[in-house]
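What follows is a group of structures, each given as structure tokens.
Shared between the two complexes below is subunit A, which pairs with subunit B and subunit C, respectively.
Right after this comes the complex of A and B.
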């Protein structure tokens, strides 16, 4: 209940947008997710309440986290920066969604929300004010790569929302970066709508500093013949949840997901994915990797839902996990729910540690144990990192993962 | 291998165990309360410790809630509308099979269970349980020569109270889950097996469960103890008559394997599944668990689940002893409106423990078949390994197949591998078989049997043949 009180005291009813009112109303009946529900069962309760402890901040402090300089060809946007975007070029156009369009879309989405499953979105939408919602409509081809930033400032709980419509036949590369400062909480909700024949190469890179928290929710609707590729990386968060919900609304669409989460110290990072095939001929290839060290806890839960209508679906899901310490733990639960009979669905899961034989081989060749482990880890990481679009080299992701604690 | 004509014959058969034996039974009134439990205990002339065990379990059960996490939908069970004790009326004491009511023997004969000891060729000792009580246990003397105790649990309570007191409820505690608590409070009979140190049981042991009455539940309890370096293979079969009401079956099976002991537990479950509209059928809520207490001990579950309207069953292994081994081989077939939520739990506690899971689910008609399994590596399970494979086959576009594997590891020096796949009967293969003159339904049943081969190979011979027949029978009319 506290969180609702906090939102209300932060912003009087008169100042609330209609969306905020609706979401607050929905949250009122059960302010916190049901800890016994499948989606929240393993989530660390004290870490979640710590997430909500920070005071709400709608005004954005200066964005001063160091990040690589921009290439001129890239479009770089910072959510909350109040930027007005209207780029109309020969081949393409990127325009801000009007308030009406935004409201209409969000309202429609809310009607499908389930209290536990979409709790992160409900919280996000009841927190994020007008300035912190970025809505874009993208059209055309040869669009320069786009980078979009969200960040949370120290000692505050920030909420950012991103909504993007990809119109027909449009191809986009987009890197989304979520940064947490010291002692901060970031609630990020993203909604993508991919129209027919459009394709999106999406990268999500999220990392914090010290005691940063993140609730990251991603909702994608794919119309037919669209292609959605996601490469994601989450690390250095005291507590982070990455929820992915993808719906192939008419089938005949392609989805590729490669995600990774790395936990150290006392951290808990979890990934929940739900892929709905609402039409025939859908395709999914998903791999999720976790690495847990020290006393940390990594969680993966993925579900694939194939109703009767989704004949000829081809879906595979793989969860690969490395457990590197005696005190760390990994939970993984890949699941299939299938009614259609003419489908190819499979999933797999492994939990192990670094391959000793490979380590031994490298040591006999004069490579130190530390170096050999790094080599093995870098090949483990590289599969995911290479899938992240837009200037991944400049972000030195591999270096960040291997050389920082 | 089942020959083709045989398959053809059985495909035409309806549920042949659906008859009711007209026999006088002694039933107590419907309902569940402390007095009923005391009455059951009194009827069975039980010692005090057992009554206390029952009452304690009942108190716990009253505070518990029926679990709702399984992917099952069924109408609420009215626990006060069930008869908790029903026994065929017979003479005071049975000293030999000749004194058993001939009608009862006839029933078991009809079911194909040789109770009469003349049929020694089969070399299987049988404990037959009819509604709430055990009717007869065969081959006793021969088993006794080897020191093997095989009797009904009520007899064991009288003659081997020390063993019962020591082991009952140690693997599945009364408060373990809702149905185990209910069973602990009202269990009426079941089998008890004790294999002494160093003995390899000279024959397969078998129990046969038969529900005869429509309004009484069956709550049997099986306890198997394998002492050091002993081994035993145990078979379990179940049938019930056709009633249009649902009957509750809530059993508990506890296995204990000490150092170097091995227990193989095979089940062919063919309770009445209800008719095509889903009317009637058994609600089967079973808690089966084995404890590999000793070093290098081994517990192997193999099951063929074809019956019951609702199946809720997770035979599990607690792998405590160093280098102990747990195995689970399962075929679950659902047709019409059957629902099954079944799987296993492999809890690796001791170091260097190993487990294998092979689960095959076949769903046809409008049925729902879910695999739900847990593999857990505890902090001390260094050097442990698990391999799981669950495959589902869908027949028809109305059936559903779900897989919910829970995997948890807290031990870096261990390996877990899990894989699952879903497929349908391949049209190419069907076409090939048909082009070779094999009829459609026969081709399907050959392919299903091939799909389940990994599991059938683990079953004792006579069970494997029965399982093959059963699958063909159950799939009748569901393809094409």
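Right after this comes the complex of A and C.
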């Protein structure tokens, strides 16, 4: 109950929004996720407890972490910055959702929540004050690339929520950056609704510093003929959890996911994905990579659900893992749940180490063991990094990954 | 045969070398000396230890030297890392060159070349200068520039992989090159290109060890010495006509030498 008390102490009931009250009510019935449930059984309990240890902070301090200069052509938004967004140009418009639209959408989403599966969202919506919810509707064409930032301040637990409606026939490139400061916890929940014929190239890059924690939840609803491409990267968190839930609500949609998590020291980073095909002719191509070093722990659990209505689904889920230390741990479990009888679905998992013969070959060409390992890792990383849209080069992602301590 | 007086110091001296992997003895007292300008051929049945010898000289970490020494330019290199051996001028051309997906051939060649240049106190080359150099060397093995933009050896045919090995040899300018079955999997034209490349790169200051099963490579590159290996030992050494005799009589003929040994 500690977290409930903490939320209540932080904000009197009179100051809570209706959404906060609803979510808090739901949380009260199970303040923590069930540690025996499939979604949480491998999650490190003491690290989750540490996530909740920090004081709740609804105010937003300025970024201490330097980030690349903005390109003039990009739109850069910071959740919690209190700015009013209304961009109406000749070919497109980006506008904030009204209070009513936000309330209506979130309430509708909450009705579908499952206590264990959506515990991170319930926590997020219990914590997120009005200032920390950014809701946007986007339509039109030739929309400039968008960067959206969330960050947690040192010694605090911050919650940020992002809701985006992509209207019909709209194509967007969006890079979401989640930054954790030293000793901080960030709860980030994101909701996307992709209307017919829309497409979203979405990048999620999350990284912290010492003792940063992250609960990152992503919920996507795809209407027919929409395309959702996700490239994600999570690294340098004491504890991080990335939950992806995608529903192709009418089938006839495309989803491509390339994600990677990198763990070192005694970090634990996990990715949980659930892809629901609620109509025929759905397509999914998913690769999740984990790299675990030192005494760290990386987890991937993926499920693909293909009910009877989802005939002609074509889905592939592959988990590829690199174990760099004898003390590191990787758990991976790609799963298929298929009822429909006319589908093409495959899944698989591999766990390996750096290839000794490749390393020897490079070393016989004068390349040191350290450099040879970096070359091998960079080729492992590139597949994912190249899939992350919007100014990934400016973020020096490869350099950050290869040279992180 | 190798006891005749030489005018210069040897490049490579392998003395009574024994080595094992997983406690399994592979080499059982191999001795071999290569002087500048010499070409040696090592022949023998599959599994006799030829490739293992080449890997041990290059410093493969899976093998333990249990006895003997490897001296390169007078220095014992038993404990040197593979990269240190390469930088100082030992080149191993692989029987099965490794594919490294995602690593561009051009960048790989540049990093390797600069590692060697750094050892030689030569200025390291930036991308532009390196491209100039590599263009010259491509001509030696008649390779197209398109190979440079591909991942190292990925999707290369057998012949292309071997030519890429010789390209690396040309760029690294080693003091000694050990070419492990460079002729395997090559058609006649590719064999001639590779052989001509090796001849162009080698000179009076360098040594070459050719590991091969066939006379056809030795028709193109005439060795000064031919060694026959069996069960981890060199059982016979002769001049180039020994290879011709082996071609005629087969390895069964060498079994007699083992009995004599």
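One rule holds in what follows: the second predicted complex is superposed on the first by the 405 of 405 C-alpha atoms of A that agree within 3 Å, B and C clash if a C-alpha of one lies under 4 Å from a C-alpha of the other, contacts with A are read in each partner's own complex, and residues count from 1 in each chain.
Simple rule for what comes next: contacts are C-beta pairs under 8 Å (C-beta built on N, C-alpha and C of every residue); 3 or more make two chains touch, one makes a residue touch a chain.
Source: prediction; values computed, not measured.
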{"item": "Partners on subunit A (subunit B, subunit C) - clash or fit", "value": "fit"}
{"item": "Partner chain(s) touched by A:103 [first = subunit B, second = subunit C, both, neither]", "value": "neither"}
{"item": "Partner chain(s) touched by A:360 [first = subunit B, second = subunit C, both, neither]", "value": "second"}
{"item": "Contacts of A:376 with subunit B and subunit C, given as first, second, both or neither", "value": "second"}
{"item": "Partner chain in contact with A:252 - subunit B first, subunit C second, else both or neither", "value": "neither"}
{"item": "Contacts of A:350 with subunit B and subunit C, given as first, second, both or neither", "value": "first"}
{"item": "Which partner reaches more residues of subunit A (counting touched residues only), subunit B or subunit C", "value": "B"}
{"item": "Touching partner for A:37 - first (subunit B), second (subunit C), both, neither", "value": "neither"}
{"item": "Contacts of A:368 with subunit B and subunit C, given as first, second, both or neither", "value": "second"}
{"item": "Touched partner set for A:74, first subunit B, second subunit C, both or neither", "value": "neither"}
{"item": "Shortest CA-CA distance in Å separating subunit B from subunit C in the superposed model", "value": "12"}
{"item": "Contact footprint of subunit A on subunit B as seen in their complex", "value": "377, 379, 392, 394-424"}
{"item": "Subunit C contact footprint on subunit A (complex, rising order)", "value": "355-358, 360-369, 371-372, 375-376, 378-380, 382-383"}
{"item": "Residues on subunit C engaged by subunit A in the complex (per definition of touch)", "value": "58-62, 81-83, 85-87, 91-92, 94, 97-98, 100-103, 108, 111-112, 115-116, 119, 151, 168, 172"}
{"item": "Touching residues (chain side subunit A, partner subunit B) in the complex", "value": "308, 311, 321, 323-353"}
